[in-house]
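Following this line, the structures themselves.
Each of the next two complexes has chain A plus one other chain: chain B in the first, chain C in the second.
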Partner chain A sequence: MKEWRFWVAEQRGTLLALGIFIVMFIIYTSNHPAGLTANVVQTASNKGVLLAFVAMAQTLVVLTAGIDLSVGMIFILTNCLASWLVVGTGIETALGVTAVLASGALCGAINGAIVIFGRLQPIVTTIATGAVYFGVALLLRPFPGGSVNEDLADALTGRLFGVVPASLVTLLAVVLIVWVPFSRSVLGRAAYASGSSEVAAYMSGMPIRRAKFAAYTLAGTLAAIGGLFLTFFTYTGEAAYASGNAYTLFSIAAVVLGGVSLYGGRGSAIGAIFGALAFRTIGDLLFVFDFDPLWQPLFQGVVLLFAVSLGAFGLFRVRNKLEWFQ
Partner chain B sequence: MNEAAPLLRMEGISKRYGGVRALERADLAVAPGRIHAILGENGAGKSTLIKVMAGVVAPDEGRMTLDGKEVSFASPAAANEAGIVCVFQELSLIPDLSVADNIVISDPPKRFGMIDRTAQRRIAMEALARAGAADIHPQALVKDLPLSRMQMVEIAKALARKPRILILDEATSALTAADVSKIFAVLKRLRSEGMALLYISHRMNEIEELADECTVFRNGSNVATYAAGSKSDSEVVEMMIGREYSHAFPAKPDRKTSDETPVLEGRNLSWTNRLDDISLSVRAGEVVGLGGLDGQGQRELLLAFFGVLRGLTGEVLVNGKPVSIASPAAARQDEIGMALIPEDRKTEGLMLPMTVRENLSFAALDRLSKGGVIDRATEQSLIDDMVKLLAIKTAGLDIPVGALSGGNQQKVVIAKWLMRQPRIILLNDPTRGIDVGTKQEMYQLLRKLADAGAAILFYSTDYDELIGCCDRVLVLYDGTIKRELVGAEITERALIASALNIQGEEAAMAEGASA
Partner chain C sequence: MSDTAMECLTSRMPKFLKRADPAVVTAFACILILLFLGSLYSSSFLSPAYLLQQLKVASFLGVIATGMMLVILLGHIDLSVPWAVAMGAMMACAAAAYGPVGVALAVPFGVLCGMAIGLVNGIGVAYLRIPAMIVTLATNAVAQGLMVVYTGGYSPQDSAPDAMRYLATGFTIPGVPNAVVIWALIGAATVFVLTRTSFGRAVYGIGNRERAAYLSGIDTRRVVMIAFAIAGGLSAFGGVLLAGYASKASQSMGDEYLLPAIAAVVLGGTSILGGRGSYLGTVAGVILITLLQSILSVMQMPEAGRQIIYGVVIVVMLLLYGRTPANR
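Right, the complex of A and B next:
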């Protein structure tokens, strides 16, 4: 096999997600009344990055063969926190941002500690902790309200040089600062390894526990970045239960769309980001076609099913049926 | 050399799992520059001993000294740190990572805190070359490799850690003859470089060729240590099991060539590039062997009959009638009556966490039930018959099958298919990693089933088995049948010659060189 084929084989999921996103986005912009303008791109990216951050968070946990059903709630909790803390002078705002990120990391760390040391199933653990995090959010913001440092919010949701959406630049920065080092570190590799075959990883003397703990903690932090951005867009904090649940479920859809295997050990956060952007675009397609919004969930579900099936086309080529089960 | 101070010494090591004692006051001394073979039946305590050494399990009592200093390892990582590296029988590779990722996994080269992929690749290629497996691409995903290549990667991975003590636990069980000779050359070189090697294998000829000294384990204790070559094969086997070696294979009945319709026949079977125009037939009462190097299409041929492969061309006939078998569910129906004993009992043969009873019933549930409800009485009586027939040693029918020893697990896999009384039995290397005692029982069973009228197609990587068990052997090479050996023609020399697809004299030389 040629060198590039190995690379393609490795990046297949990510490339497929990129493809789906590009196709969806072309359909979207070409039917948008305004066409491809800086404004359209800015709005799309501002909506997209929220789910992209949460999907990145989900990816980290899914890679270890776990699942995090609390990401949406961490997202909501940090939104409520930010609406209290990210205010005031520059220094106060900076401290607030740090505190919000640290709270997200703490939530993730709690998940990780329970899963690793309590040896509980991730799915049950995170349902429970998710409810707790939402409970805290509700205490912080029984009613929607609060405020945020609007200078910072406008800067991060606006455009750079009049064209490039700042939110997209932030997403790129987070990928470069968080994901790339993690995926290339020993811990990152151990996270992949424990998701792929935990026994083999243990037998090879890999730091499984530290890797999982890092994955859950980083997931909490990424969800908190998402929560910050939600605050920057809305200028308020709201303990919205439905929204938290939706983000959790959409993050799983985005991760699958992005080629990350729910069995663990395979995929990348970059794929999940494209998955998230594609998923968001699917949701918005309806508006450009001017359908009744009532149709949105149904339409979104059908397109999602179709998109996810694309990844399964390879199965038609399988000649040895035993490979279906691998 | 004999006087060399031991590098690692284990004294009075005991380990119990629940009520079962796996090790009882076992002693072992490992010296540098020596290859030390460990022999014993499955369940004799070899695996536990190695796990203690490699830091996988902690012993209940006993002490271990390395360089004269007492040590204990809390984890495999700690044992690696001390220079003890184990190539496990159960592969310890991460399937979704690349070959290079796997080779450097415990200590990857780093730059600025991140893994240096260029250096990683260089190290991996060096290690592969050192293990004689330079044909494996370092960027290939491990899960895409055949079993024999995975084992080579596993060995390369161990070598990349530069161990002082290297433990090989059945490390060659899936390797081709060519790979084995490469590995042996590597091991001998490591010995001359002063490494201590522990070698566990069920293959006597391998031990004969490699070992400087041997230790025999039985019932969790070391019963004898002797210089290699000072005991005959039958003496060694007797030490292991206390049974006569000469009765290993049951007598073959005299077979008259007859024109009776074969029970199973394949005509011009082809599939992708793995099977190429294969025709063969198996008659009732016949044990037909599949020989050749590993990965020449034997596994695919069995899967083809069992309805697992799509796009198979050619014809399959059962009792002279053309049939089309679309799936394993169809293959096991009474009109075909086919059973396949898979290669990997842990993934394809058993549901490990489920009970012995449940596992035994799986293939025959349709026969044991009325209107979708399982008839407990019928089930029980059939299961009792099977447990008795195969002498399955289990603490009870309701314990997880994963708790049984390897040999008994394999018996369960076979028994579960015998519950259907199949007329065609396909076996894919059923004795791999199984102790001598159980192997002998299997040989007896195969012959008994054949005598009762079953048609048996039997793939084995062990030449002795093909010679001892089969009425005919078909040797595969690159997806085609290269040669058919009948009766007295089945000799080690003929098998090796046709497996390597070379002529007689060259084969004799190859055999002489490897012996």
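Right, the complex of A and C next:
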């Protein structure tokens, strides 16, 4: 087999997600009343990038064969925090951004510490810590409100050179600064390995615990970047329970669409990003076809159910019935 | 607590305590502590009227947690509880709007809708082999979508028929609310099914090791599917009772039942990995959670504080006795 074939085989999930996204986006823009203008792309990318950050966060945890049901709540918590802190002069704003990112990392680290050192199941742990994070968010913002440094917000949600959406550029920067080094580092490899087979990874002397801890912490940080962006888009902080839950749910959908295996060890955050963009575009398809917005939750739910059912195709490859029960 | 300390402790306990699951004992001990703390705060805390009221409130969670326990025993989880509850309530109320026949069929129709959600979950988990967490999240989204389309995004106008109100708030036996009687009946049936039938044995077997259960001739996929359908039905039935209690259904009425249901089951000593756990533990967990909620609301703790305490209590109690063994 030639080298590029290996590469294609490895990236199949990511490429599929990219394909779905491109097809969906073409359908979306060709039916959009305004057509393919810079404005349409900017709005679409702003909405998509929010989910993309949360989906990246979810990917890191899912790769280690865990799941983080608190990403949505970290997202909401950092949104509320940013609406207090990211204001004022340049230096104050910079400190505020740092504090928000650090608190996101702290949330992720708490999850990781409980899961790894407390040896609790990720599902239950993150449901419980999610409740705590939401409680803190409610403490910070009992009522929607607050403000944000609007210059920074407009710069990051606007367009560069009048064409390129700044949010997409930020997303690309985060991928290059966070994901690429992590996935190529020893820790990143160990995170993949422990998701693929924890026993084998342990036997080969990989730093499993450190890798998992790093994955959870980075996930918290990425969710915090998402929360920051939510503040930049809305200019306010709101402790919205439903929206936190929705982002958790959509992040899982994006991860699945993006070809990341929920059993861990397979996939990439880049796939999840395309999954997120595709999921958002599919959700918005209803608008360009002039459906009642009431149908949107149902449509998204059905798409989600359909997307996760795609995983069942793996059953056709099973040669021994016992492989069902892994 | 280390194993040797635990053994040392158990060797001194009376016989009936020795056989009991330490988790269940801990949960009951926590209930007593909570009651004690509550009685310090307010003297009416130990009055029979208050305790019966708590038991009535607990029974809604109890019915829902029963279904959750069945699923967790299998080693799966049901995250579709919120909208299964809401769907059961809304559909029962909706059916009641269609004349006397509708009223008569309201409760079964609500439960049936919940079972339909559960059936989809079950098919996805058992036959399509999709992780339970994902399927149930997806069906939850679909159920939400259906209800949003049906209600137009507002709370439905149909009110609960008298039969549903009677189920939730009436008294057939003097002094004992009907909801408590229903929970007791469902609980007794669950204990019977889990301990005395082959279905119950199969549930525990699958929770321990599905391959082994399959090789010993159990149709594991059917058992899993049925268990999920029952869980969906019980969630919806909990919703029907809640709608009877509040005399109408509302959007997101089930949201506050997912975490407590999982917490109640897990705090009661049922292993989240499946295969281990007793219904007595779930009862203890349900009462524990309800008392905790009640004390927090008596102390006029705001919602934010309640959420935080809630999450912390669950994590701490699990750290005490819910840890998975170290793999080395």
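Definition applied: the second predicted complex is superposed on the first by the 301 of 326 C-alpha atoms of A that agree within 3 Å, B and C clash if a C-alpha of one lies under 4 Å from a C-alpha of the other, contacts with A are read in each partner's own complex, and residues count from 1 in each chain.
One rule holds for everything that comes next: a contact is a pair of C-beta atoms (placed from the backbone, for glycine too) under 8 Å apart; a residue touches a chain by one contact, two chains touch by 3 or more.
Keep in mind it's a predicted model, so treat the numbers as computed, not measured.
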Exercise for the section: Could you look at A:Ala9 and tell me whether it touches chain B, chain C, both or neither (first, second, both, neither)? Expected result: first
Exercise for the section: Could you tell me if A:Gly265 is touching chain B, chain C, both of them or neither one (first, second, both, neither)? Expected result: first
Problem - Superposition-derived comparison: chain B or chain C, residues of chain A touched - result: C
Practice task
Could you look at A:Ala201 and tell me whether it touches chain B, chain C, both or neither (first, second, both, neither)?
Solution key: first
Practice task
May I ask you to decide whether A:Leu322 touches chain B, chain C, both, or neither, giving the answer as first, second, both or neither?
Solution key: both
Problem - chain B versus chain C as contact partner of A:Val186, first or second or both or neither - result: first
Practice task
Across the two complexes, find the residues of chain A that touch chain B and also touch chain C.
Solution key: 199, 202, 321-322
Fill in the blank from the handout: The residues of chain B that touch chain A in their complex are 56, 75-80, 88, 90-98, 101, 105-106, 108, 110, 113-115, 117, 137, 139-141, 143, 157, 271-272, 300, 303, 308-311, 327, 348
Handout entry: chain C partner contacts - residues on chain A that touch it in the complex
Key = 67, 114, 118-121, 123-125, 127-139, 142, 198-199, 202, 241-242, 245, 249, 252-253, 256, 262-263, 294-302, 304-305, 308-309, 311-312, 314-315, 321-322, 324-325
Fill in the blank from the handout: Counting only contacts in the complex, chain C reaches chain A at residues 77, 120, 124, 128-131, 133-135, 137-146, 148-149, 152-153, 210-211, 214-215, 220, 252, 255, 258-259, 262-263, 266, 272-273, 302-312, 314-315, 318-319, 322-328
Problem - In the complex with chain B, residue positions of chain A that touch it - result: 1, 3, 6-7, 9-10, 181, 184-186, 189, 192-193, 195-197, 199-207, 261, 265-266, 318-322, 326
